[in-house]
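Below you'll find the structure, written out as structure tokens, and then a few comments.
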Amino acid sequence: MPILSLHEVTKAFGGLVAVNRATFSVEPGSIHGLIGPNGAGKTTLFSLITGFYRPTMGRVELDGEDITRLSTSARARKGLVRTFQGTVLFSDLTVEENIANGMLAESSSPWTDWLFESPASRSSRQERAAAIMDYARLSDLRNVGAKDLSHGQQRVLGIAIALAAKPRLLLLDEPFTGMTASEKNRLAEMLRRIREDGATIVLVEHDMRTVMRLCDVITVLNFGSVLTEGTPEQVRRHPEVMAAYLGSAA
Amino acid sequence: MQFLVETVLNSAMASASTALVVVGLALIFGVMRIENFAHGELYMVGAYATWLFGTSFGAGYWVGFAAAILVTAVLGAAIEILLLRRLRNNPMGALIVTIGVLLILQTGAAWFFGINSNLLVDAPVSGVLSLGGFNMPWHRIVVIAAAVLILTALTVILRTTKFGWALRAVAQDKDAANLQGISIGRISMSAMALSAALAGAAGSLMAPIVRISPFMGQPVIITAFIVIILGGIGSMEGAIVAAVIYSTFFTFVSVYFDTTIANVAGLCLMLAVLIVKPSGLMGKAQKV
Amino acid sequence: MTTTLAIAACAVPFVAGDYYTSFATEIAITVLMLSSYRIVVLTGEWSFAHVVLQGAGAYTAAIMVKDHGASFPISLVAGSIVAAAIAAVLSMPLLKMRGFYFLMGTFAAAEAIRLLWRKFTYFGGTRGFSGISAPYFDFGGVQIDFGRSANYYFLTLAVVAACLVLLWRLERSRLGKVWKTIEQQDVLAQSVGIDTRRYRRIAFVIAAAFAGIAGVLLAYAFGSVTPNRFSLNFALYLMIWAIVGGTRTFFGVIVGGIVLMAFDESLRFAEQLRPGVYGVILILVMLFWPQGLERLIGWTGLYGRGVSKAAPVSSEGGA
Amino acid sequence: MSRINLHLTRRQALVGAVATTSALAMPSVLRAANKIVKVGALAPLTGDLALWGIPAKNGAEVWANQVNKTGGINVKGERYDVQVVSFDGAYVAEKTLQGARAFVDQDVKYTMVIGGDDWSALQDFSNRNKMLTSTLYVSDLNPTSKYLLAPVEVHPFYFGLGVEYLRKVEPNLKTAALCAQDDITGRTSLAYWRAGFDAHGFEIVSDAYFDNSTTDFAPIVSSMLQAKPDTVCIDTTYPSVALLLVEQLFTQGYKGRILHAGLELLPDMVARTSKEFMEGSIAFFPRFDDPNINASANGFSDAAGFYKQFEKQFPKQWNNTSWEFPGCLEVWKQGVETAGTFEPDDLLASLKANPPKHIFGAARWWGKELFGIDNALVGNWPIVAVKNGSVEIVEIGDQAAWFEAHKAIVEKRFREEKLMPDQKR
């Protein structure tokens, strides 16, 4: 049973049809790539999945449950967490505080816990924050302000915040753009570890080489509709993909 | 029937003067992203200037009208240069400064002209247009005509002149406009002067009709804020349409019921629009 | 900071005459209004309804005392609940709006309520209520007549202090952290599962509950409740004191508020010119000491919310 | 870019400013041979209602200077100079109560308020501190307002006389239209006007309040004229609002009688309409710039002189309240000088024992039936009518007698507007 499935999802802004009857599904535990030339509708589709936009037509399902009408935060509480293209962080706070904020939405049973946090739940949250920090190799930057991190470190912190929200399905919005080669390798390594811990990843990305190396399945979008879908090799050899990308490094 | 025609004309006049005030407010918000709480007081200064130059110095209404536009324009420009320019990246600070200006202008008017003084401005075109039992003072028709004239002139300026393009560019995207060499300072100052002049003109046109007092600006600014919300902030066209809708609605309710009910109904209309469309009729939709 | 404030506060009735003691009571009530108003500001929104919600508490107290002969504690709870209930109902439509739209939405709702108070004789019309008898404590041989302004001042101080402790706890709780995340990064907060509208509504309702308490304190302090006391002017001045005082820190808004109120009072000799002089001072403070406002600069463009605030990091950051 | 951090934090700067200005606030000590007695003007000095408050305060100061020049107040041989202290109540009951507390702290012996909306908060405080106070609205009186007097004007009691006079001179008038601003003043007086019109056989065809923030009065007048009234009563609207209403009546072709409380801006009304249009309009206040004002207002020492002095000191700031606060002081002065003390209880007893004269002559304490307490100083009151562009006293009527004759109707109309003492919230 796929963790995420889209059925005839369409989004039109006035006359312009940004996403046209997109239908595909994502298997649990996989790293699923979503690629396409600029203007192919990747970002709009991403926003449709995260709930930032409501589709004009069609259905989005998470574990078979229709979440088309759910708000972004409701989807996040169901395990569908996204990161941002830019470096959207709590820039005035430290790394540790940023990650702690990721856990705030966790629904603790007694509402009194909201007001007077029991020491037990506080220590468990601190432990999880520490775990995530060394997971993302940010432990030694614990007390550094988010705005003082390097670009690469800020992107990793963005993912760490998403991890704090206990995602079952993690949506990454062009995580590799603007990273150095070594940063890319370390990030790819981190994503594989996240997948091994049971999360599913959907990756919207331009960087073809990384996508081809990292993803199990790739869906190719062109002019708002699904061009093809398959393993990296199948997709690389597909004639229309070559045409659509016209000489980008295959 | 005659009563209906009178009410329609009265609401047209109310729409005209409200539109003048609200367009000025929308212009300022569009260009400088602040709500000018002292806009009502510029309306008041326009009325006082018309009395001072037109009646007290005896130079006649139209001289007073021109003086009102000049005085308010200069005052608007001065407020921008001396005060608002230093607070460009501090919208809340600018808001407080406009409230400071509001307090100063009100207290100044009460001090110089006396709290109790009864200033009378005679309408330029006296007499009454009476058609079979229905009579409407000519000046009210002059107000409608003048407002339509000014607003068309404004749209022409904004659409065709270089200054108009620069103004709209800054309203669209301040940084992009800056990159093209448009001096934000000059544009903000002239936008503030233009906005103040519009309020001054409205004050001057209404001077023969309403009570000139240091606090005449208060109901005007409250109505202006309600209308600018209805029309959607920053959109000039929205402001004019909303001014007509609100003033007509308000006048009819206050005639068929009473003005307190009209006030409550006006507020509920505003809330209703905001509930349906949280960014006003023509405001730019923004993710909530 | 707390100790200096506490000592100064307790000394007032022994030093000041009847006028300044009751003025200190009014300051204490306004401090509660400013601190509870800060809860709404914590979520990044400014409201014009806070003073009318205080009025709702005051009117509830007046009705409870005059029609049902309720005692002080009962009307305190009733006032708080009614104000919170009204805020909960208002928040349904209001919280769809942001920035300046929200500000004007709250103005419309507040002014409509106030006009209804003036219109219906059940609320006493334009004259409102008068003759609200002062609270009287008589238990185990101890009688305290809170009609005397010094006694009532201490009663107000006790209630306000208790509320401030609660507000302090609230801000440090997880609820407080959620509010701050919503203010700093609304879209990021949503992406990690925080339903921002729901928590903004909780903030609006909790702030109203405290405003209700302040309203009940005000009703007993003056023994009367009139619609003019909750007009736009008072809402504007509350906002001015919050902005100029600075809402960044818990004590900033309190000390800032007290200083500005004392300042406004010291200008009383200027009589007719008082508002004008106050306007000049507002401008000077804004032009030369905006420090307290730097956090508010984040409220860019009033509705460009959620714009990324991350300052681009300097390029030489190590790998 | 490092922020310019001034060593002064914001709090230190503001606290410094507070210290300097409050030093300035110390009241300057008066060099005077006589001892000082303080009287308080507790009225709005800022905001819309300052148009009543400031002229009242100024009038009180002019009166005090005149009294001090002629030797001040003689209390059992001791001479006191009168010092007027003021406090801006901004027409908000709670602020006005703060003023009352300030006056008690400064040992003010007699307080004057405008009354109406801003009295409700003072009641308990005035009883608790025996604060002798005067108000301009008799409707503030209630069974427990022991130390509150309505010594000058018993607005709206003279309106009954006005309608009676109108019926006498114009027997054929049938219908009446009423309008007033939506506050306690408007409600109280409109209730009395209705009683008057009921008592004298008028049919009320239009009756509406308008909000204080109304700026354009054309719609209000057109809706009134739709009912084709042959009498229009614009009650106690503010002077400049009355002018706009009269101008609209003229423009919209109204041909009947106009009734207003004061017609303060009559010269401007005539300028904006015409002498013929204003002819026969009825009001209740002779003008202080009327040459024979001294004859009619004999209760007020040298009314014409007072007006001239006021115009000299406060040019073009005159309003009805400018003589009403002095009227209150005049009654208080007479009481103090006969009782020989400032002590409230003795002074009240003496005042009640021998009622002083009020502005239009002899008067008596009254008000029990309607307000539950005899604290209103009621005497005869003039009715003025416009003759050839200026007002002339056409009749002096007895307000109390008119009330006695139409008590039932008045109580019915007051009960409708919830103004009876037992209906007060």
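A, B, C and D are the chain letters, set down in written order, and residue numbers restart from 1 in every chain.
Operating definition for what follows: contacts are C-beta pairs under 8 Å (C-beta built on N, C-alpha and C of every residue); 3 or more make two chains touch, one makes a residue touch a chain.
Chain-to-protein mapping (UniProt): B, C = Branched-chain amino acid ABC transporter permease; D = Peripla_BP_6 domain-containing protein.
This structure is a prediction, so every number in the text was calculated from the model and none was measured.
J.: Could you compare the number of C-beta pairs in contact for B-C with that for A-C and name the larger?
T.: If we tally the contacting C-beta pairs, B-C comes out ahead.
J.: So which chain is farthest from chain D, going by the mean of the CA atoms in each chain?
T.: A
J.: Find the geometric centre of each of chain A and chain D from their Cα atoms only, then give the gap between the two centres in Å, rounded to an integer.
T.: 73
J.: If you average the CA atoms of chain B and of chain C, how far apart do the two points sit, in angstrom?
T.: That pair's centroid distance is 32 Å.
J.: As a quick test, compute the distance in whole Å between the mean CA positions of chain A and chain C.
T.: Centres of chain A and chain C (C-alpha means) sit 41 Å apart.
J.: As a quick test, compute the distance in whole Å between the mean CA positions of chain C and chain D.
T.: 36
J.: Among all residues of chain D, which ones touch two or more of the remaining chains?
T.: 46-47, 50, 54, 182
J.: Would you give the residues of chain C that are in contact with at least 2 other chains, written as numbers and ranges?
T.: Residues 118, 187, 272, 274-275, 281 of chain C each touch two or more of the other chains.
J.: Taking each residue of chain A in turn, which ones touch at least two of the other chains?
T.: None at all.
J.: So with touch defined the way it is at the top, what topology do the chains form here? Options are line, ring, star, complete, other.
T.: Per interface graph, the chains form some other shape.
J.: Output every touching chain pair, sorted by label.
T.: A-C, B-C, B-D, C-D
J.: What part of chain C is in contact with chain B in the complex they form?
T.: That would be residues 93, 96-98, 100-101, 104-105, 107-109, 111-112, 115-116, 118-119, 187, 197, 232, 236, 240, 243-244, 272-283, 286-287, 290, 293, 296-297, 299-306 of chain C.
J.: In their complex, what parts of chain B are in touch with chain C?
T.: Against chain C, the touching part of chain B is residues 33, 35, 83, 86-87, 89-93, 95-97, 99-104, 106-108, 110-111, 115, 222, 225-226, 229, 233, 260, 263-264, 267-268, 270-271, 274-275, 278-280, 283, 286-288.
J.: How about chain C: which of its residues touch chain D in the complex?
T.: It is residues 17-19, 22-23, 26, 62, 66, 118, 121, 123-131, 133, 147, 149, 218, 221-224, 226, 228-229, 231, 233, 246, 255-256, 259-260, 262-263, 266-269, 271-272, 274-275, 281, 285, 288-289, 291-292 of chain C that touch chain D.
J.: For chain A, which residues are in contact with chain C within the complex?
T.: Going through chain A, the ones touching chain C are 50, 71-74, 76-77, 81-84, 86-93, 100-106, 113-117, 146-154, 161-162, 164-165, 180, 182-183.
J.: Mind listing the chain D positions that touch chain B in their complex?
T.: 46-48, 50-51, 54-55, 182, 208-211, 213-216, 218-220, 222-223, 226, 238-241, 243-244, 251-253, 265, 268, 271-272, 316-319
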